[in-house]
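Next up: some structures, all given as structure tokens.
There are two complexes below, and they share chain A, which is joined by chain B in the first and by chain C in the second.
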Partner chain A sequence: MSVHRSRLTRLTRLSALAAAAVLVTAGCAVGTQDPDSSSGGSAAGVGGTLVYATGVPDHLTPGRQTVAFDQVMSLFAPLVEVDSSNNISYLQAKSVTSDDAQHWTITIRQGWTFQNGEPVTAKSYVDAWNATALSTNAFENSGQLAGIQGYTDLNPSKGKPKTTTMSGLKVVDDHTFTVTLSKPDSSFPLQLSQAQTGFYPMPESAYKDLKAYDQHPIGDGPFEMTGDFTPDKEFTVKKWADYKGSNVAKVDAVTFRPYADTNTAYTDVLAGNADIVFLPTGKMTSASKDFGDRLHSFDAPGIDYLGFPLWDKRFSDKRVRQAISMSIDRQAVNKAIYGGLYAPATALTPPTMQGTPTGVCGQYCTFDPAAAKQLLAEAGGWKGGTMKIVYPGGLSLDSLYKAYANQIRQNLGIPNVVATPTTDWSEYWQSLTDSTVAGPHFGHWGALYVSQQNTLRALFTTTGGCTLCTGKYHNDEVDAMLAKADAATSTDQAAQLYADTQKVIIGDFPVVPTFFDKYSYVVSDRVGQLPASAGSPVITGITLTKS
Partner chain B sequence: MITGRTALRVGQRLLGLVVVFLGVTFVIYLMVFSLPGDPIRALGGDRPLTETVIANLRAEYHLDEPVGEQYLRFLGGLLHGDLGTSFTGRSVTEQLRERWPVTIVLALTAWVFEIVLGVGLGILAALRRGTVIDKGVLAATIVLSAIPVFVLGSVAQLVFGVRLGWFPVAGSREGWPISFILPGLVIAVFGLASVSRLTRGSMLEGLGADYVRTARSLGVPPRRVVGVHVLRNSLIPTVTYLGTDLGYLLGGTVIVEGIFNLPGVGNLLVTSIRAHEGPTVVGISTALIVIFLLTSLLVDLAHGLLDPRIRRG
Partner chain C sequence: MAELTEVVVPDLATDPEDVRRPFRGLVRRPGFVVPAVLVLVLMIIALLPGPVAGLFGHGDPTVCDLGSSGDPPRAGHPFGFDIQGCDLYANVVYGTRSSLAVGVLTTVLALALALVIGLVAGLIGGWADFLLSRLTDIFLGFPFLLGAIVVLNSVGQRSVLTVSMTLALFGWPTMARLVRGSVRSVRGADYVLAAHTMGLGWWRVVTRYILPGAVAPVLVVATITVGGVIVAESSLTYLGIGLQAPAISWGLQLSDASDQFQNAPHLLWFPSLFLAVTVLSIISLGDTLRAALDPKQRS
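Our next item is the complex of A and B:
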């Protein structure tokens, strides 16, 4: 909810893989799986009901959810999937192809239905995408579709939209539709993967009553609802017998149980009353003692950083920002706060993103108090009085930000460095929106799909959506380089161009990269296999050893 | 038993209640409204929503209107029993209807623990005045009420939920009483020191009173002296305390419901404040205030039952 909760840390999934390359090349067929290979029956384990401890979900409509990834992903099948072996493959799509990275043709598999028996057709996608993009519906994930031609017609800056369909979407036949993007984007197929739920289809019955659909979503995925959903109560999804995808669930059912406080969920897993929970930050140092080998940590597609009020003269010299970066002993912080579970950042994206120029941050991301002090002196020293390190309150981030403040104070010799929490997430977010944040501040980005593109575009381009997250950083050269990388026709080439862009951004040093995220989970002793994709458990792959 | 004077008193109090109700709801509405930050922008977490989505959501929840207009809309809805819609699209009234029973059961459970344990310990301490037992009761109750509630709650979960496995760690799935015992005790512990001290103090006063000495000298059995003559008269301050305390106990559920993941209004209040959901916050806190006012009214009336001087005075 706020953002308590896992909202921050969990925002995303998908980690990366080289296989991405294959998808983008025009007309290329990728590692498709035989949809009939494993329908029905548990491959291993005893079936049973998995109890998944979650935060309090908001919505279950795929175009609306912002914290209910696990729930929605269990009910729907994405067009493209990143699986537990980090391979990218088509799932509901048969192919996603383009000759110029701008005009795409999507063919979907035949014979699929929704859980109410309606067939899954090209129209199911086109209608759902139009509904998600339409401003008057106010679907939270609308922005995921912003690259499609005609999106702005549905989202005029003033007044009501004059049309309800995007000109870039055309149904060709029952199982084929075309997508025209407003600009070439070779990463489009990756954007169709599971965590971008704004690209999921919806059955026609949904539009009759979108509110009712939100409480009882009908998907085309491995699980189906067993009753109505209310955000504050647990609900159970059961394995759907007619599911056509290859990722058939190994458990019989999953109960998603919301907890207002993740620490309580942690204790409940410890007592064996729930089976799995995302590890809250406050428990990271005690988890390995409590859970031993039942603590699992996965590479995640997220990055932690410190942003700056770049408009503030005290921070406008990049040497000041570099000095702050070099004064932070990331290893020590990692050990003290994260129980050693995280990894110090050396670039702007985690290494799991294809082509990430690991180490591009170089000496500036390496702890060196002497060099840091010298750099600060060259920049004229610190004359700004109290330096406030601002972070959102109520998210258990206090000890982390106190540690940052202590390190900066001691290693740069600045007398007053104070970790300053805002009341809550809203106030913190407002201070970024209004450009009133008083100093270096909390920053985090979890990518929704496995390309450097997502992070770089969101944080460092003028129109990427999250410029407020990086002190309204703006560099025309970066904008142009990213546009060029988007238009590349091979992913190798694109990855290289993204990496080049990272070098330019690091040259400007608008943010201090601090950590590459790991998403950690603790499980009960009933849990057997726990495959993960992009930092998050793949629910269909989880097995239980006793029911 | 209800005299004209009592009826007048009740009437005045009820009228006051309406005034307090209007004032308090408006102040709370204003407070939630002026919390820093935009609740709609925060809905997307660290992933910004597009401006058109923000504008449309704001219109949907009437957050684009001035605060006075929003408050009037809230009052208007209230007349129809409609407290508005939360950001997850659910009717607030419906949520409250589902959640109040949980909170009330929890508060009453805690209350019973507080009465039984508090009065019991108080009587014990008074009858064993000056002994180790007396001092032990004092020390134990004070130490317990000095521990922060989340610490006490977490320790109780680890010891009785995880280690011993006697009670569920969290949730209300196993129903009353098993799911409510631990959280009820954690809430009750905070009143124990006060209740037992109050009971002990007035018990001692009673034990030394003339009429008790008289009763004893007339050969009334000790059990009857303590049970009827001392206890009944000594309970007035304790009842006053316990009455108003029921209101505090309801407040105490706010934190404890979070720790024990009980789906009551306290839990909802915390999430609603976090999400800046004005109508929900006002709806819950108003109800808490009304209950508080009503219990203090009932306490006044109960005084009359225990002490004829108050009733007739």
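Our next item is the complex of A and C:
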């Protein structure tokens, strides 16, 4: 009996995680199919077919996918690209400008076409965004467009929408369109970067049959489909000869092979049957022994934390939360559970986020059992009986939460601290929704673009989308500061204001930041270069040493 | 558990003297002595885990140091450390209690149920026998592990008691059938008829003449069941639907160890060794008892 669910952390938000944590019972595809184009790989370590071991993809329409980032990103070109050194540059866009952070003008590059020959125009973007936002289409990534004026008209709280287009989108000419946001947002250009696939364009032909398009997406990116995609079967994309972007692929083709069990994928990469796979948590302690320098770890835009039921008297004193934070030896946990691959958190956002004030958490994120005990005593000691640390079951988090519980129990001298898994994700989520969660609980936020904004707004404002994840934390000052940062006129200035906001939030200490995420990958010995951006490998930059 | 039905019901009427003292000579057989001693030792461990765990000076299973995570055995820690850095020896020792407790409790519950149902069906016969036998058939029809998985998934708190009750729910039918069979064969025996004829009361006939004859074979099955139940508990716990942390159990230890097999194989070896020895001892004890009770197998 196979009771396996992989922990899907990469590039998934909590909500995506919820959707994806569904047990997938697909058999894994076996056997290689050589795509027609790949046989003649050129010399000097270029060319060849890369076999990418992935999870089981849900959709390939950019507005719909929630777990097929690599596949979709290889078929399309984003307007804006965040590169491996975290700088942003324009890719399909020529410029994205605004004077007031609310009214944006996007100019796209000329002469681009989709893989079926259709030109890429301003209309390709506006139509695709409207289709993604329209509630009746029920596209999964609709929420990414929520900041655009008129989004609420397409997503009324009751009934059917009266219109199918957002009032904030206007086509100016073939290569220019304007975007009006419902309120100023200086991070908008970052939101257009590669992982926010809801902002990708679609060709006219897609709307004739959206279902067929989902199986054979036609993009404007470095790779094109070689056949239809069938769920649970591997499929191959080949380098598209007419691609206009600068990030031309170094391999000839990529085969995306889905695995229901990432541990199987791991073994296959070890045996050389596949070339690259995202490292499952359970293998973190053995990966460096198995792969040596073929194990790669990248800073990722995710943060792990412990949330609290702030309404619960036992945890309402911030000194209790600070004491818990100081009682956790993050270095030791990292080494024992993550094989040293993660990084202890010292701020509320990971350093991949522009301008993150690393170290802002200071002494409260530093292991100091004596000071922790003293702080707890000052707060009146622990009189709450058994402290339950709640986490969703079935996601291989057991060792991690047992380690937290042991640390808190021993270092704070609380007799009973128990790591308590819920049966599944939905039970965990329900306990947050009902405000019945019994104690400190699992928290994770993975952002899709590298601005502090996304994480701070989602977790620490009541309207941000995940206020449940932080015990409904609320502070008017924080709300005001975030609004001010959103309205900043440059991303640098915004980053500074977000950093200031973090100081205020840390002052309240609503959560215990535990780890900055790292996304780790193991590769076969065929893989030469492996550049990455925002935690994920840049497929176009990967080279193979033998084909 | 199909093999359990193969137990041969001894022909009790032919050799009453042997039935009365079937255990004579048993104590001299190595097939009895070795497992019996092992089971005794395990019982002591289960009853007094504290002193046994403390033999090497680190008897508290909840004292953990992440710095020693997955370390191999060393002085004072004969089994090494688990992934949380807790002493594995202490944990394995404390795990004995839950495993044996589930094994014994389940068997006692199932045996009680089986005796009542088997006696009623065997003695009263007729419609009661028909109804109870069909009920037994229905429960025999449920796959043991699958049934337990379904029930345990809907049980909120999974403790030794709830796990035992669930396993007992699906474990009684084989024994009930056996009891019914022996009761029916004894019911018409001459000495029972004689007891009736002498005017002994109904209750006295059942407890003095029928039950002793019916209970011996079912005890053998019960002993073997203890072993089977311990395996079932570990399997369920390994799958995440048996006992739950913070309970200490071999199944939980095996489940934690399976991810770490390449780094720290000792995490798998020691709990498996205890599990295997326990189950093997109990089952061979049961086998020896069966041989002693079965005149056909006696040399």
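Rule of thumb we're sticking to: the second predicted complex is superposed on the first by the 503 of 547 C-alpha atoms of A that agree within 3 Å, B and C clash if a C-alpha of one lies under 4 Å from a C-alpha of the other, contacts with A are read in each partner's own complex, and residues count from 1 in each chain.
In the analysis below, a contact is a pair of C-beta atoms (placed from the backbone, for glycine too) under 8 Å apart; a residue touches a chain by one contact, two chains touch by 3 or more.
No experiment lies behind these values; they were computed from the predicted model shown.
When the shared chain is aligned, no partner comes close enough to touch A:216: not chain B, not chain C.
Contacts of A:238 after superposition: neither chain B nor chain C is touched. Of the two partner chains, neither chain B nor chain C is touched by A:503.
Using the contact criterion defined above for the overlaid structures, shared-chain residue A:373 touches neither chain B nor chain C, since it reaches no partner. Of the two partners chain B and chain C, it is B that touches the larger number of chain A residues.
Applying the stated contact rule after C-alpha superposition, one finds that A:425 touches chain B and leaves chain C untouched.
Contacts of A:103 after superposition on the shared chain: neither chain B nor chain C is touched. In the superposed model, A:332 makes contact with chain C only, not with chain B. When the two structures are aligned on the shared chain, A:58 is found in touch with chain B, with no touch to chain C. In the superposition on chain A, A:407 contacts chain C only, with no contact to chain B. In the superposition on the C-alpha atoms of chain A, the part of chain A touched by chain B in one complex and by chain C in the other spans residues 1, 3, 394, 423.
Looking at the complex, you find that chain A touches chain C at residues 1, 3, 282-283, 285-286, 289-290, 329, 332-333, 335-337, 393-394, 396, 398-399, 402-403, 406-407, 409-410, 418-419, 421, 423. The residues of chain C lying in touch with chain A in their complex are 62-64, 66-67, 69-70, 83-86, 153, 239-240, 244-246, 256, 259-260, 262-263.
Chain B meets chain A in the complex at residues 35-39, 41-53, 55-57, 60, 87-90, 95, 154, 157-158, 161-162, 165, 168-171, 257-261, 263, 267-268, 270-271, 274-276.
Against chain B, in their complex, chain A makes its touches with residues 1-4, 7-8, 11, 56, 58-59, 66-67, 135-140, 142-143, 146, 155-157, 211, 214, 230-233, 257, 259-261, 263-265, 267-268, 270-271, 273, 394, 422-430, 433, 444-446, 465-466, 468-469.
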